[in-house]
Amino acid sequence: MSEASYTPLTRPKMAARVARDVEEGWYVNLGIGIPTLIADQVGDREVIFHSENGLLGMGPAPAPDKIDPWLINAGKQHVTLNKGGSFFHHADSFAMIRGGHLDLCVLGAFEVASNGDIANWATAVDDSAPAVGGAMDLAVGAARVWVVMEHLTKEGKPRLVKSCSYPLTALGVVQRIYTNLAVIDVTSRGFVLRETVPGLSLSDLQAITGAPLLVEENSHG
Amino acid sequence: MIDKFVRSIAEAIGAVADGATILVGGFGSVGQPNALIEGLIEQGAKNLTVVANNAGTGHTGLAKLMELGRVRRILCSFPRSAGSVVFEELYRAGKIELEIVPQGTLAERLRAAGAGIPAFFTPTAVGTRLAEGKEEREFDGRRYVMETALPGDLALIEAWRADRLGNLTYRESGRNFNPVMAMAGKVAVVQSQHIAEAGEIDPETIITPGIFVDRVVHLPYGDLAA
Amino acid sequence: MSEASYTPLTRPKMAARVARDVEEGWYVNLGIGIPTLIADQVGDREVIFHSENGLLGMGPAPAPDKIDPWLINAGKQHVTLNKGGSFFHHADSFAMIRGGHLDLCVLGAFEVASNGDIANWATAVDDSAPAVGGAMDLAVGAARVWVVMEHLTKEGKPRLVKSCSYPLTALGVVQRIYTNLAVIDVTSRGFVLRETVPGLSLSDLQAITGAPLLVEENSHG
Amino acid sequence: MIDKFVRSIAEAIGAVADGATILVGGFGSVGQPNALIEGLIEQGAKNLTVVANNAGTGHTGLAKLMELGRVRRILCSFPRSAGSVVFEELYRAGKIELEIVPQGTLAERLRAAGAGIPAFFTPTAVGTRLAEGKEEREFDGRRYVMETALPGDLALIEAWRADRLGNLTYRESGRNFNPVMAMAGKVAVVQSQHIAEAGEIDPETIITPGIFVDRVVHLPYGDLAA
């Protein structure tokens, strides 16, 4: 049971792992942080990226000499628009989100509970002026909500928990979690382990996970 | 590559279950998806609920669908108009249910369905018989009724121009209910007069982004204005 | 007290009388019937006409050889679009109406009560399938709701009444009534007569009006 | 002839009462009506409520308005961001009230105000601390909270192009909150980069029809992209 026996995924590799499960034709919103990296990893599949500030068909960052100051994403980064993209206002943009038109939203999180609750906006109960942005709308609106995050906090505490300790973003919405160590589905029975990095045993993973990990019979563990 | 174009009206309509709710774009004869309505007639689903501003005229299109006994219930703002003979006969005979919805409430209920809003309050119809049985509530001393979202299983849309991603523009008063019905339909299918390459429609001018659209059939039955 | 001593206004003259009170810069929706005639009577004043099927800046009917089949108004008549006009969808169109952005809506009516109630959509309580269209939205939404109608029904009954007998369109919304005989304001005290056609006395008008007509001191009777 | 163009920022801002609610367009630095915010600073109204997605950065624009002690309360989705130093200091000192509103709820509350809808239900924020004290209700077994319309006395809008009738277009992600704020403001004033003759903007592509706009000032401070 040595930590050296397995290698946690890097952030780009985590993004690549999520990207593998993104299907052609999906409309996808990517949160700030690791989720943003997914866009570059979908390869030849045509995936339409949505940015809540009014873009569909968001493309990669422009070359430094091609920056268009009017074209930013929700993370305030300069982006491009792919052919067939469109612009719309905030109410229409969140109609897409809240109305269930996005096939997928990938969010970062501080914690996810085994009932699918997510906490990803306020870092503490007494945080006086946290910035929620579109996180709560995205979490309740998309057809699929996936979370990508480190398996543990910097202090070594589990982020997959029985019940969130941080202020909640939404109740029971997360369907899948990608960490640097594993892929876990959130089911009506709780966390179900789908895969781990090579060399990491279920018991080792369970030891650093704050809620039971189930394994289904036909799981690719 | 995403390609929402299909080759036939039948393919556009796809499978429609009996009892489905169908949203039909158009106002008067403008912006009506006539070919798709014909396709729905061909397809055969029955016991339908139809949502449309008007209840059909003459014996074609919506009127034909009704005449064939396929529509159990219709929601519209303006059922009776010149030529709505089929509807009126069925209605008098008790063979079709009618829910009259004020036009603005109809549009807003459709948008609400598309925007994930289950219910909202409106001053429209307060104190009238169209508000009977509806929850009423005061805000700042004014009376409002609660109206609920009106989603559809299938939306039939007529567009002026479409690309393979399902981005749409409309023409003049042909826009009408089409954009909100495209939002409100679980599946939205489009007949488009013209087609464009992806990127050919200025992204600032797309009225219905492709996210709301599932299938498009190109029906160049003529630029009526040309 | 002879009917021959005054001349009721014709329908075009009624429209012209209403048009006199329409101010430049107003956004105006005109109902079907007499109200439609008002558009041609505003003269040089720039008034923006709204049609609930998604037009602002509606212009007059086109020449027969200039008809554009895609361009109709809410009454399904062919129209034109003035320079600076715009197109929008039904939800946006009724946002303009319900949101109070129209300066004026002129409607026809079967009856108007002295408390401002209007009945203009269903001709009888037992009318089984009346067509409401946008009437209820317009009646509650516009900043000013004016009614233009004949003073009497074809059967000679008053249309200005104490309480509407036809199914209501909206409660307490009408601010002014233009008939073929008079202009009447609807106030918190009831109907206030503003003017009559020449030769018509207050008592003659009162005799064919279903609710008291008040006259203010500085009224131009 | 209607002419909504005015010659100065001061004329555009007009009279603003103390205690007014000001809607400020923009998302990040794009589509922000910076010159109009400066005009509001000059104008002098105080005790203001500001509705904006962000709470200002640095010491200019919104941040300056706040630093001058003119803002009693701010409603926004993302108060804390890189450079929101003025807001954070005022907030810590208890000198400004904050209402955090989820971004989609903010947009919808503004649209509702513009559309005559006093309240609506949304699934956003259910079960979170942003729903505390709000009415909750189930529709079809799902939980929703009621949110109310958010109207403004004055909306400050940045547009790309405007004509004398107040018809507007925006540029790319500069559209953001501007159209719904133009709807929601009792008075909507616009700073526009470019001007057009009436009829020059294709009527199919006007995003904010002039009915929502009161005054426009032409501020060709440069096509940032050129």
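The chains carry the letters A, B, C and D, assigned in the order they are written, with residues numbered from 1 in each.
One rule holds in what follows: a residue touches a chain if its C-beta (ideal position, glycine included) is under 8 Å from a C-beta of that chain, and two chains touch if they have at least 3 such contacts.
Just so you know, these numbers come straight off a predicted model, no measurement behind them.
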How many steps does it take, at the fewest, to get from subunit A to subunit D if each step moves to a chain that touches the one before? 1
When contacts are scored as defined above, which chain pair ends up with more C-beta pairs, C-D or B-C? B-C
Go ahead and note the Å separation of the Cα centroids belonging to subunit B and subunit D. 33
Provide the C-alpha centroid distance between subunit C and subunit D, rounded to the nearest whole angstrom. 35
I'd like the Å distance between the centres of subunit A and subunit C, where a centre is the mean of that chain's Cα atoms. 56
Separation of subunit B from subunit C, taking each centre as the mean of its C-alpha atoms, in whole Å: 30
Counting only residues that touch at least 2 other chains, which ones in subunit D make the list? 108, 111, 115-117, 122-123, 170-172, 204, 207
Subunit C: which residues touch two or more other chains? 81, 87-88, 91, 94, 97-98, 141
On the basis of the stated criterion, which chains touch which? Give every pair. A-B, A-D, B-C, B-D, C-D
So, in the complex, the side of subunit D touching subunit A is made of residues 27-30, 77-81, 87-88, 91-92, 98, 100-108, 110-111, 122-130, 143, 170-180, 207, 224-225
Could you list, by residue number, the parts of subunit C that touch subunit B in their complex? 51-55, 68-74, 76, 81, 87-91, 93-94, 97-98, 122, 128-137, 140-141, 167-171
State the interface residues of subunit D toward subunit B in the complex, per the touch definition above. 108, 112, 115-123, 139-140, 142, 144, 148, 169-172, 202, 204-205, 207
Within their complex, subunit C touches subunit D through residues 24-25, 27, 46, 48, 50, 56-57, 81-88, 91, 94-102, 141
Quick check: in the complex, which residue numbers of subunit B touch subunit A? 1-2, 111, 113-117, 163-165, 167, 183, 197-199, 203-204, 206, 209-212
